[in-house]
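You will see chain A twice below: alongside chain B first, and alongside chain C after that.
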Partner chain A sequence: MSTPVSRVLTVERLRIEFAAGQSRSAPVRDVSFAIDRAETLCIVGESGSGKSLTALAVMDLLPQRAERTAARIDFCGEDLARASRRRLQELRGNRVGMIFQDPTTALNPLYTIGNQLEEVWRKHRGGSGRDRVVQLLERVGISGAAERLNQYPHQLSGGLRQRVMIAMALLCEPQLVIADEPTTALDVTVQAQILALLASLQREFGMALILITHDFGVVSQIADHVAVMYAGQIVETGSTRDVLDTPLHPYTRALLECIPEPGRPRLQPLGVIPGMVPSRITDAPGCTFANRCSLVSADCRRPPVVPLKDQGNGRASRCILPLPIRTDSLRAEFSA
Partner chain B sequence: MAATDHPIPQPRSSILGRHRLPGGANLWIGGGVIAVIFLVAVFAPLLAPHSPYDQDLSLRLAPPVFLGGTWAHPLGMDNLGRDYLSRLIYGARISLFIGLGTVAISGVFGTTLGLLAGYYRGWVDQVAMFIVTVRLSMPLVLVALAVVGLLGSSLTIIVAVLASLLWDRFAVVARATTMQLREQDFVLAARAIGCSPLWIMAREILPHLMGSIVVIATLEMANAILLEAGLSFLGLGVRPPAASWGLMIAEAKDLVFFESWLINIPGAALFVLVMAINLLGDGLRDRLASAQRK
Partner chain C sequence: MEARDVHARFRVGGGLSGPARTLRAVNGVSLQLRRGEVLGLVGESGCGKSTLSKILLGLQSPTSGEVYLDGGPLSSLGRKHIASCVQPIFQDPFASLNARQTVGEIVGLPLRVHREMSRADRRQSVKAMLDRVGIAEQMVDVFPHELSGGQRQRVAIARALILRPPIVICDEPTSALDVSVQAQILNLLMELQRELGTSYLLISHNLGIVEHIASRVAVMYAGRIVEVGETEALFRAPQHPYTQALLAAVPRVRSAKREIVDLGTSFPNPVDLPQGCTFHPRCRFASEICSATAPSITATATGTIECHLISQPDKFRLSAAVGQ
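Presenting the complex of A and B:
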């Protein structure tokens, strides 16, 4: 298979399993995606859809009891699925940066932020890198960076801490940044600032950005491509505009129906997806979304597992129905 | 903030009133008493009015000042005619040496074991917990008696024996705290910036353990001092004529009904030292917990 030179990460058939006594669950199954330089991929899904596990799995940061298998996790020509522990340690923080959801807990409360930032540089590049740290802190919008270095995490606001986390992730100019719900713990106004910051940093550094979120607002603001996950599978991928404008999979469509928008007629009810994401996910025949889908038919529950079908134009969807589905029929279902 | 695993102490009103920081009185009283005893132990040769070994049989069992004795021997003379104050001062050396030595060794060993077990879990944890169980199933005093009886009693052997018996609390607490801490986001974040497991244990987790470790260290130090006194009392600890507080009590036990001050004086010294260590531990715990809450 020929991969373009600008390809940063290719994940093929990623699967994560948890063994709990006799029973096994597989909260991530058959997940494949790829991302190029300077591109933003958003992985969207409800809580429990496996999107955070997918993000952690790339750099082998899963909890110990998780078992990861993948046909290939290719990072700039290097197979991370078979990389040694030492090699992964060299890559983490150096060529792959990570940003976590909650900046209040992701910084060690016992060290100053300068200490924690310089540690990254010391580990991967040697020397204290204080100048570089100050410069980058100012770049991510922290004023008086030199004084901030001596402050402890509790002395900073949530937004500032997330900026520190971003600076930490970008310190060594990584080719790939994985941000796991970087704005979820923040105020809406701060959210917008952080997203804008990420976008502008990406233009400047040209890194690939994988952004995990459950918020389609975030997706529409920042993403080039979207992968929608449901119950551990990618159910739809494509360019952001395509997916948001003409969703192919009933789940994506239902999710979009649930977003309140300004200008929406007041009496038109918001969409609701009945039921819950299955809590223990295993390989089930047919479609995992069948139990909650408004368009379900008997065929949906038959084996085999529904594959992710290429729909052309860089899009794919995991549904057995002939596509695209008519929008009107779905609207009717939901408003009924 | 953060360090969510530590119980948040209520601010405590101090008997010294002006101290707003928690643990103030305990800390200063305990620390002060220990500092005094420590200095006395270090400068024992300068402070002791007489040699702890020289005998003057004509003055044996001379009473201390407060029971009508003379200032030449403020705490009187023991039944072999040795100056009791000097023996008490030299005895402080032994108690502190045993206490500090034991805790230094057992603290390092127990904490390391607990850290490894709590961080790696799995078979490492199982092995570590097995060792802890083995240790817990051994009766302290009996094992100490047996080993000292077999190997003879020197200060080093006593420290080694006590250290090999008093590490379990360090291990259990370090393990439990590490298990909670390793699930914290900042540990994940540290892995995500490329830290090795050893680095994470030493730099990210260990500092969070120090509060509890220090508190346990004080408890175990008091424990070790009392155990040494017990061993010496049973004749298996420090050898005569060296002076140890436990040995002084042992030597005086036949006279308990006639010259009870012979037992009361070293007993009081032991009590004050152990009490001071415990006060210091309490104070430190409160202070460290409040520092982490910042």
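Presenting the complex of A and C:
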């Protein structure tokens, strides 16, 4: 299979296992995705879906007791699954930037932000890089950047701290940025600013962006492609408007019906997914969503594990039912 | 229930960190909660929503102003009386339930305090209430740590409603929950509200939720209510520039990417509030008068607004159009 030159990251058959005493769990199973230059991929799912573990696994940042296997983690032609620790350290913060959810804990409270930003530059490029740091802080919308360098994280608001994190991730002009719930801790007004900032920086630097979120609104605003995860597997993937407007997988559809949104009749009951996300996830025959699915049949629980099936137009869904199912009625409901 | 010109001020600093200053968390709020309605209260973090909710629950006295419950001032009512009329549902069901009490004890406590009934009767009422919120009878003797987040929030709802209080204050009732569980809890809250005729004050930063279940919405900014209106009118045509910016900032699933209103500078420091209209440093339509004098409350078709622009119809129409 030929890979386009613009391909930045390819992950194939990623699996993460945890051993706890006698029992083993596998919170991430058979996860494959790819992302091109200047593209945004959102990985969306509820808690426990394995989305954050997937993000951490790419740069080998998983907790020590996790076991990661993958057929391929290819970053710009380099196989990260077999890269040395030293090599990964060279890449992190340099060609791959990371932004984490909580900017309060991701910054060291004992060092000034200037100190922490310059350290990244010193490590990867040498020299103080003070000018570059100031330039980037201004680019991410921090006024009086030169004075801010001497401030400590606690002196900044949540929005400003997240901007510092973004500046740090972008300092060395990475080809790939992985952002795990970058706006979840922030107010909607600040969230809107941060998302707009990420989009404009992407236009400017052309980096590929993987954004992990639980918020379909965020997906709708920023993503080109989306992968919906449930209980450790990608259950549906495709271009954002396709997936959100005509979801194929019963889980995606049910989840979208849970969200209170304009256009939905007010005061009416919201869609409900009975039961809850399985807490300990292992390999099970058939479909992992079968226990909560409204369209379940006996076939859904039979082996083998349901594969992610290509549905054309760059879409794929992990369901044995013939698709698409009654997407028209859903559309009608919202076009009113 | 009605709040009249409620203020909450705190003294901060003093001693080594410099002279003491006054933090104005709630800065003159007048708000009515009508019988049987769901009133949404929205605003950014730090705007005073939670302080206001504590005052309405009678857990904190206002520095000035008064809250009236059925016409009687809250300050003259006993703790027990207030608790039997106003009950809270808090954000984090992992923190709001006593870890050392069973579900039955937690839900039964209000009955033990407020009603004289035998142990067996109480247990029966508790089981009936738990059944009503979707918790199986067998769960009555388990401890909170054995429950999921959604189940805990159901227990919290059972505890709040077991006395059938006329008013429930829901402070971010679903923000700790996943989307699929959130929908279950919201449906339950809507059902119970209709069944029991309870008034809810629904405090949330999630405007989608407020739009879905509230009948009226109050928008709070820097300790003041800047706009109140009926939900449909307010979401269709927000009038205050802050409401417009807030609504525009919400990412919607069913709409393509759109332009947002950049509020520029950050939320004002409640220790050092701007002169005039507190929103003017971030407002796109601010003029001289906005930085000089505070706007007064003006009636609108379905509520009130606090903005100078309301008296300048030309500018105002422009602003309303942008908000769409």
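Quick note on the criterion: the second predicted complex is superposed on the first by the 324 of 336 C-alpha atoms of A that agree within 3 Å, B and C clash if a C-alpha of one lies under 4 Å from a C-alpha of the other, contacts with A are read in each partner's own complex, and residues count from 1 in each chain.
Heads up, the rule we're going with is that a residue touches a chain if its C-beta (ideal position, glycine included) is under 8 Å from a C-beta of that chain, and two chains touch if they have at least 3 such contacts.
This structure is a prediction, so every number in the text was calculated from the model and none was measured.
Chemist: Chain B versus chain C on the shared chain A, clash or fit?
Modeler: After superposition on chain A, chain B vs chain C: fit, no clash.
Chemist: Once chain A of both complexes is superposed, is A:269 in touch with chain B (first), chain C (second), both, or neither?
Modeler: The answer is second: A:269 touches chain C but not chain B.
Chemist: Contact-wise, after the overlay, does A:92 reach chain B, chain C, both or neither (first, second, both, neither)?
Modeler: First partner only.
Chemist: When the two structures are overlaid on chain A, which partner does A:129 contact: first (chain B), second (chain C), both, or neither?
Modeler: neither
Chemist: Once the shared chain is lined up, is A:119 touching chain B (first), chain C (second), both, or neither of them?
Modeler: A:119 contacts chain B only, not chain C.
Chemist: Once the shared chain is lined up, is A:105 touching chain B (first), chain C (second), both, or neither of them?
Modeler: Touch status of A:105: first partner only.
Chemist: May I ask for the angle at the C-alpha centre of chain A between those of chain B and chain C, rounded to a multiple of 10 degrees?
Modeler: Computed from the C-alpha centres, it is 80 degrees.
Chemist: Residues of chain A touched by chain B versus by chain C: which partner has the larger set?
Modeler: Comparing chain B with chain C, the partner touching more chain A residues is C.
Chemist: Contacts for A:47 in the overlay, against chain B (first) and chain C (second): which applies, first, second, both or neither?
Modeler: second
Chemist: Minimum Cα separation, chain B versus chain C, post-superposition (Å)?
Modeler: Result, nearest C-alpha distance in the overlay: 6 Å.
Chemist: Of all residues in chain B, which touch chain A in the complex?
Modeler: Interface residues on the chain B side: 1-3, 121-122, 184-186, 188-196, 204, 207-208, 292, 294.
Chemist: Touching residues of chain A toward chain B in the complex: what are they?
Modeler: Touching chain B: residues 56, 59, 61, 64, 89-94, 97-98, 100-102, 104-110, 119-120, 123-124, 152-154, 165, 168 of chain A.
Chemist: Spell out the residues on chain A that touch chain C in their complex, using ranges where they run on.
Modeler: Residues in contact with chain C: 46-47, 157, 159-160, 187-193, 195-196, 214-222, 241, 244-245, 254-264, 266-267, 269-273, 276-277, 334.
Chemist: Mind listing the chain C positions that touch chain A in their complex?
Modeler: Checking each residue of chain C against chain A gives 44-45, 148, 150, 178-184, 186-187, 190-191, 205-209, 211-213, 231-232, 235, 245-246, 248-257, 260, 262-263, 266-267.
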